[in-house]
Amino acid sequence: MVLLEAKNVAKSYGGLKVLTDLNFHVNSGEIVGVIGPNGAGKTTFMNLVSCLSPITSGTITYKGIRLNDKKPHEIAKLGIARTFQVVKPFGGLSVLENVMVGAFYGKRNLKSKAEARDAAEEAISIVGLLDVKDKDPRILPLAKRKKLEVARALAMKPDLLLLDEVMAGLSMKELEDITEEILKLKQKGITMLVIEHVMKAIMKISDRILVLHLGQKIFEGTPKEVVEEPAVIQAYLGAKFAEKGK
Amino acid sequence: EEIVFGAALSLTGKLAKEGTLVKNGYELWKEAVNKKGGIKVGGKNYTVKIIYYDDESDPNRGAKLVEKLITVDKVKLILGPYGSESVFATSAITEKYGAIMVQGGAAADKLYTRNFKNLFGIYTVATEYMDDIIELTKGKSPKSETVAIVYSNDLFSTEVAKGAKRSAEKNGLKVVFYQDYPKGTQDLSTVIVQIKGKNPDIILGCGHFQDTIVMVKQLKDYKVNPKVLGFSVGPTLPDFVNSLKGDAENIFGSAQWTMTLKYKDPVFGSNQEFVKAYKAKYKEDPNYHSAGGTAAAVIFQRAIEKAGSIDDIAKIRAALSSFNEETLYGKIKFDSTGKVTGKGMAVVQIIGGTQKTVFPDYVAETKPIYPKPQWK
Amino acid sequence: MKDKKIILFFLFLAVLIFLPYIVSGYWLRVLTQTFLFASIATGSNIIIGFTGYPAFGNIAFFGVGAYVTGVMTTTYNVPFLVTLPFCALSGFVLAGILGIPILRLKGHYFAIATVGIMETIKEIVDNMVETTGGGMGLTLPIMVGEPEFIYKYFYYVMMLCMLLSVLICYIISRIKIGYALRAIRVDEDAASVMGINTPLYKTLAWAVSAALVGIAGGIYAYWLSYIDPHTVFGGTYPVKMFAMILLGGATTVTGPLIGAFILEIISELVWSKFIAIHGMVLGLLIICIILFIPKGIFETFKGGFSFRKLLNNLRENSL
Amino acid sequence: MVLLQVIINGLLLGGFYALIGIGFSLVWGVTNIINLAHGAIALLGAYLTYYLFVSIQLDPFLSIPLSFVSIFLFGYMLQRFVMNLVVKAQIFILLILTFGLEIFLVNFMTTFFSADFRSVTPSYAGESLVIGEIVIPYIRLAVFFVCVIFAIAMGLFLDKTWTGKAIKATSLDIEAAMMSGINPAKIYAITFGLGSAIAGVSGTLLTLTQAFSPSIAGGLTLRAFIVSILGGLGRIEGALLGGLILGVVETLSSYLIGESYKNAIAFGLMVLVLVLKPSGLMGRKYYAEVKH
Amino acid sequence: MALLDIKELSTGYGDLQILRNINIEIEKGEIVALLGSNGAGKTTLMRTIVGLNRIWKGDVFMDGQRLTNASSTKIVSSGVSIVPEGRRLFAGMTVTENLEMGAYCNRKNIKEKIERIFDFMPRLRERKNHLAGDLSGGEQQMCAIGRALMNEPKILLIDEFSLGLAPTIVDSLVEIVHRINQEGVSVFIVEQDVQLVLDMSVRAYVMEIGEITLSGASKDLMNDPKVKEAYLGM
């Protein structure tokens, strides 16, 4: 079943075309990876889905609902959660409270504090931040802040999770942990759209990979197909990678 | 023994200047009285003491401080602050506590519409401020027929303007321009351009020192030349000439009081004696603010002496209600609302770089220059 | 720890309740004024501290409240207490309407916009001579009764107003909305993608804030019995309010209240001592507070007072 | 014809407003300090000019360089030794600090220079250029030109010199500026010094057209506010534009609607601009954002 | 003496100590890696070297000159450049202006230097008149590296080198780093992709909870079982 669908989506800032004529879809239960050179428009696409900036033309639908003119909070209520590439923790609130905000609002919309706390703790334990749950996130190292982003999104109980470079800056070990968790979440039925430059991880988790370049889709296929596609190697992976991959 | 008065004045803030002058007036009176042995009541001499507080030009603070004077310092004889807003706020407090206030610092008519029993004011009220300037033009030639009135949109100035308009119309003048402007404005060019279009014979500015200066400068800039240029506030202050130099020449101002008035006074002997004493103490000329302070205190003193009690407010009030004496401020009488009646204003004109009293005739030093010559 | 705080608060309350039977009218007035500021600061803190929108011109609603009471009691002879809900309502509605466009602004820009609104309302009131008396001000009917009674009356009414503000702040900080507001304070994009209807919550926070400040304005008008646009809109109120909030700590419920008490009492003492130079002393005092305890009393002295902390603060914030 | 005269008046007035606004906007844009003492600092310049005029008959226009230099030093020291102690704190802390400073300065001036209103009237005051029915007072014209020159010079300084660029960089990210080798303490002090110096010059010019006393400080600051907002931050030309617009709007509205509404309209306009274009008419992106 | 010599350095935030007795030496022309798990204190060390954090104890020498708690201006002028964590570009200035600011302490041949950087990273040339704040994450990283190079440093500190960069770009940046290294510039690099950074560097330090626990030649470390387990995921 198609969960998210983009039809002829285009986006420009002033005169600068950032996305042009993008068509693609995400099926329920799938993990779709999005890769592409820097500035290809990946984050921009995610911003369009979460309605943080308006679509210039084309449509995005989610469960058959047109998202174009929605507000970000309405998107959240529909069951879409996201993380930010440049992390945005709520400073001044502890890690736990950060995640509670997600539980209070989001699709879950919990009313009582106790419920929210339980939900938040669950999400925190999934990403492994229990030991710092009372800390102010501003002083946490980057990787932990990225995990916090994920936890907050999880606490919203999303059907579709948009992850923007949550693995960047993680050590090998952490990378393994988080890919594991992502696969577990998939098992729980959460659909995911994952932007990432860490190829090792993206290859492992994605069912399909979408490759963007200069605002256009240049390829779409399984991880295996992607690493062998000359266009992708040329634009994104580089010759060295292709060699290593073989 | 001591008799204690209280005063909450603006010693800082936007009214600091006027507040300080009023305080000077009180201080001069205090010294003069104490030198004579104090206030004589029932055969006893009481040394005068005044407790001062600074209301920072904030009426609300003033109210609070008067309350402090009454409840903490136990003072029921309150000397007024400067400024209508402050008198408004503080007199409400004195009234509630049954304390009594004599004030020489506010001229708003509205002060006397509240049925207060314990407030007495010696300023000619705002609506009568401009009467004498208009009076002065009567029968002069060339005849003045039109008048433009501009005023700052605060309580005092609005009342002055209203009174000026009424008085002008009563005297058969045509009011061709009547407009208010925001308090403390920094530019009046538009108003002046509009006035210029009407070419009035008389221009009356009802505002404060700051806007008066702006107005004179811009009237000259735009070459507007009325026969009479008069202001409610400004020309009576020495700074007026300092600031405007030659441009101040021939401008009229209305004055509650001037140095040259020839009145007798129960404490100083006469107005001239007062001026001398003031100059000796402060090394500068007194103006109507300081004189108002002194006069209010003198009247207070006389009423207390007549009442024969320093703490029976009812008796003191009765003495004030029936007050009828000549003081340095003129012949003072109060009506039933507590406002002074029949005192009138003096008109001054800047002539040769100094203020000269030019009207009414019986106190005038010299004849007014009419019409006002063109700007140099 | 928390219990201790609550006990302390109730103790403080008990003292306030009995104080009118001990101190003089002047000190009652000082305290009433302190309550007034505490109400304004606490009420405004919902939008300023909790939501992070520095509504510098929140005093606008104070003025509106004052005029609502003023006009209602003079023109329509409505009893004073009956006017108070209308003060709240007018603040609520006005902020609600203005909030929609204005709350799109952030930081300083928002602060200035609220100042603009305050000045605009002031000028409008100034020009509505028919109803408000314009620059001539408005004289309210004076309450009948013994001065003793009147001052206790206003003392308690103002105290209730302050307590109402504190209570509402406390509730807000405890429930779900509190989390939304705090999230909005830090990052609105993040808050909105998490499902928080940010425009709605911001506007709500401002409207509640305005309502509380409006009530304080209404009481003030009747208390002082004379209002004019220049005193109820602006003057030094906004800055004082801000200083109080910062002094006590913007993110706490009782911070602004404590800030109000400290600043009012200190300045009262300074005023009576240094008549000629108190302005300079007050200025220096504010500068010193800012230099040494910029995070507010609460944050700074959480674990007890020490000079080292003061120096640390200085070092931390300087270049 | 009257309309034209009114517009010219507005432009002339606007020049002065612009000058008041430039220094304010500069300091705000860079150090993120809303300097509530701006008006008070301007008055320091005014008093300097006044006393020079009274004591040695120095023409106000000739005292401009003196005001500039001495008030620059004052602002520089102030920032270096007071403000720099708190620049890293929350921005609104700084607001209150400047408020404390304003109270201090105003009271200082009241104590030492008295609360009297002052004004300077040189011999050529009141001379005007008359073209047909249009009257252009020379003094206001000269004030206008001085203001425009300062605006342009400041704009060039910011865009073209290393110090100017360092000022901008510092305003965007202090730590990043430090990592590029910029000394932010010095940059802040220079910026504040310049802002103050320009305020001082506007104070100097103020003596010619108006009466001043310490009590008008707040009103001046408020104008500076409006001007900065109208123009937008991060660009000095913005303040010039903002000033001119404010001047013209004031005179026009007082002509068309009524003098007493001019403040309401000025503030209303400011709010409107903010709502429609939050960064002001010419404001640059990313400047004076509130950082957490 | 080494080019950059860190002796017994301790520092922290507020009362909280983060780094303890750090000793690091970097010779002229060396590429040295700093490994460490999250929160170990790598960024803190980098910031301390450029003078953004106060040194509590210990010393930093650059070319024999003592720079302990010297001003950033002095440190940067002495030839230290940093690519900070989080890029920290001047958002409201264009790419070109950002590069210019990098040359604040070294204002020679600015035009040529900018051209050279555009040659290194052509994507930046395409974006040269855009505001840095509008760039994508990866573009910002490139700009930050370019800005650091504008100072013509003797030593380049890079925090989170490949973070958020596309593989092709990483490749070209690695090449760039090698190129400038060949010109005699030392590089001190923090990077999570341990494989990559050990390949690039000659020597490496491993930091754990604020202390250096291991150091040596990169080749050796690559075979060190501890490193293998903790950082290479083998």
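Every chain is named by a letter (A, B, C, D and E) in the order it is written, and numbering of its residues begins at 1.
Here is the rule we go by: contacts are C-beta pairs under 8 Å (C-beta built on N, C-alpha and C of every residue); 3 or more make two chains touch, one makes a residue touch a chain.
Bear in mind that the values here come from a model prediction, so they are computed numbers and not experimental data.
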item: Chain hops separating chain D from chain B, counting only touching neighbours; value: 1
item: Farthest chain relative to chain C (centres taken as mean CA coordinates); value: E
item: Highest-count interface - the chain pair sharing the most C-beta contacts; value: C-D
item: Distance-maximising chain from chain D - centres being C-alpha averages; value: A
item: Computed distance of Cα centres, chain E from chain A, in Å; value: 28
item: Distance from the mean Cα position of chain C to that of chain B, given in whole angstrom; value: 37
item: Separation of chain A from chain C, taking each centre as the mean of its C-alpha atoms, in whole Å; value: 43
item: Length of the line joining the C-alpha centres of chain A and chain B, rounded to whole Å; value: 75
item: Multi-chain contact residues (two or more partners), chain D; value: 107, 110, 260, 263, 292
item: Shared-contact residues (touching 2 or more other chains) in chain C; value: 123, 126-127, 186-187, 276, 278-279, 316
item: Chain D contact footprint on chain E (complex, rising order); value: 50-52, 71-73, 75-77, 82, 84, 88-93, 97, 100-102, 104-105, 107, 131, 133, 147, 151
item: Interface residues, chain A side, partner chain E - complex; value: 13, 16, 35-40, 43, 85-86, 139-144, 165, 168-176, 197, 199, 235-238, 240-241
item: Complex interface listing, chain D residues touching chain B; value: 2, 5-6, 9, 12-13, 107, 110, 114-121, 125-126, 128, 130, 135, 137, 139-140, 209-213, 215-216, 219, 223, 250-251, 254-255, 258-260, 262-263
item: Residues of chain B defined as touching chain D within the complex; value: 12-14, 16-17, 20, 57, 150, 153, 179-182, 184-191, 193-194, 197, 209-210, 212-214, 217-218, 220-223, 239, 242-247, 375-376
item: Interfacial residue positions of chain D with respect to chain C in the complex; value: 28, 32, 34, 36, 82, 84-97, 99-108, 110-111, 174, 184-185, 188, 222, 225-226, 229, 260-261, 263-264, 267-268, 270-271, 274-275, 278-279, 288-290, 292
